[in-house]
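Structures given as structure tokens follow.
The following pair of complexes shares a single chain, chain A, combined with chain B in the former and chain C in the latter.
Right after this comes the complex of A and B.
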């Protein structure tokens, strides 16, 4: 009986010791983005005809330009969408016909020369595979026609180009 | 570099280049080979102080722009620049921008004319020379205040010198008056004396002393002594005899003792 009692006390002490030494050690870390997007130039709509708005310089507009900076090669895709609706505008009672294009404006490396040829377009989206580290500038053309030869109401029109950096 | 960079040939000015951005559009067939060199000659050591090569071989042409952050290099090393193309293709819309820092020794530049700032070395000397050549100054002149101040100081200095001279003269006069070596000339105003004598010698004033007439005449003798016999004084003769006797008696005593 004595021995059993002793064993029981020793087991209890071991259990207590093990429980007291347990600890939780946190681990934190920050990941800096390796792909950043900057607005290089804000766009302006020109109004070459009563029913048309366009960012083309020939139409009196200014092309918006967005820059992608990629620190590591071949980890990201650029997805740029030309607008298909107005963020703000006067009350419109007729249909709008949207169109647009996205092109490589310039690059910081010769190896990016193939981006334009390799781009993928669908709907109002354009995707580029960013296979080379460095900066790439993309210019966006946006055009909108109002109704069937109908004059656009006077006021301020605002549309937005969406640029995303998607990890592959 | 021609006139691409600002002129830094003036003294106390240095120009250093610390960055470069270039941009151009390569026009070429993707199948052809093309190499583009963007570079600047090294005007001092020879070769190139900057050179970047873009190999477009097998690639389509596009617009490229590159930025380079460089260690500060004196602009004198940066010689003529060029964008050279090897192979088939061309470069259009080329643009090169240099980032530079211009150091201007502001104090040295400003003080090329010492009058530019009171902080410049030699300002006071230059100001004195400038003001010395002016008789009058317009209030619009930038140194009008200094000129007025200088005039006031000049007047004050003149007054101080006058007072000092007067004090010195007073001290000198006092010293002379107290001196034991006074001469007649110092004590008497010789000029005043001469003037006085000259006044006295004037005939009309001294004539009266010379022309006084003293009334006189002949003074006749009033006492007439008639001839007569004057007898000897017997009493005197006797007295003299007694005196002689007495003297001989006294004398005889002395003679006997001998």
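Right after this comes the complex of A and C.
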């Protein structure tokens, strides 16, 4: 091999080495649309009077709190339902009167300020259009009255809130 | 700046448990059986209080439709991610609108007021 050719090979190797040293390692990512439901706080019923159970703090209860995270705006709606029956309870012989409300308790974006005014309520369901990406916290109040001035029998009472995220 | 810090504190301080079901808009393709279509869903369980999830398929009016998966009631451990194969009849292709996963709470795990989570993807 002539000297000229050797210089050529050396130059090519140098060029390649330099290229390898200068190479950038790309990091790619993809944010897909998705909805995640977080159970922030499980509620607890308070028993402010013998015939009433309530999750309201004023009644000694703890409000259940659900957080919705949506990665991309306007892909999902939230549907939250307060309970209208007990999952477990002692034997009850009289009627129960259920009531509840769902409210936005906190948001991660000022654009979500209109959620509360735009909510749709029917039966025991409340729907919110998740038109802004980010996190929204919802608090659920649930109350139940038993019979006509009757005391609730002693025992454990449990009920469940249903939090749904439905693709639009 | 204050708002960002507050939001970050909220996100990291809360002892949250989550349920995730993707993709948002699944698509069906031909399966290895004639007349049967398949799609793939992914379920991620970050709820410490839930081990079981139930799958369901609905039409536009929320009427249940028949479908097949290896398990309709899935046992998914905390922090487990599961890829789910879901089959439908080709004749139902135009009817299928929602594919949902719902958490199933065990009665002994609910203290007073538990939270059921349900996420529904939409077939367009």
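Here is the rule we use: the second predicted complex is superposed on the first by the 135 of 168 C-alpha atoms of A that agree within 3 Å, B and C clash if a C-alpha of one lies under 4 Å from a C-alpha of the other, contacts with A are read in each partner's own complex, and residues count from 1 in each chain.
Keep in mind that, in the parts below, a residue touches a chain if its C-beta (ideal position, glycine included) is under 8 Å from a C-beta of that chain, and two chains touch if they have at least 3 such contacts.
In this text, all values refer to a predicted model and were calculated from it rather than measured experimentally.
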| item | value |
| --- | --- |
| Contacts of A:85 with chain B and chain C, given as first, second, both or neither | neither |
| Touched partner set for A:105, first chain B, second chain C, both or neither | first |
| First (chain B), second (chain C), both or neither touched by A:114 | first |
| Touched partner set for A:151, first chain B, second chain C, both or neither | neither |
| Touched partner set for A:45, first chain B, second chain C, both or neither | second |
| More chain A residues in contact - chain B or chain C | C |
| Chain B and chain C contact sites that coincide on chain A, given as residue numbers | 106, 108 |
| Partner chain A, residues of chain C touching it in the complex | 7, 10-11, 14-25, 47, 49, 98, 105, 107, 110-122 |
| Chain A residues within the chain C interface of the complex | 32-40, 42-45, 55, 62, 64, 66-67, 69, 75-76, 83, 87-88, 106, 108, 135, 140, 142, 157-168 |
| Chain B residues touching chain A - in the complex, by the definition given at the top | 23, 26, 54-56, 59-67 |
| Residue ranges of chain A touching chain B (in the complex, touch as defined) | 104-117, 137 |
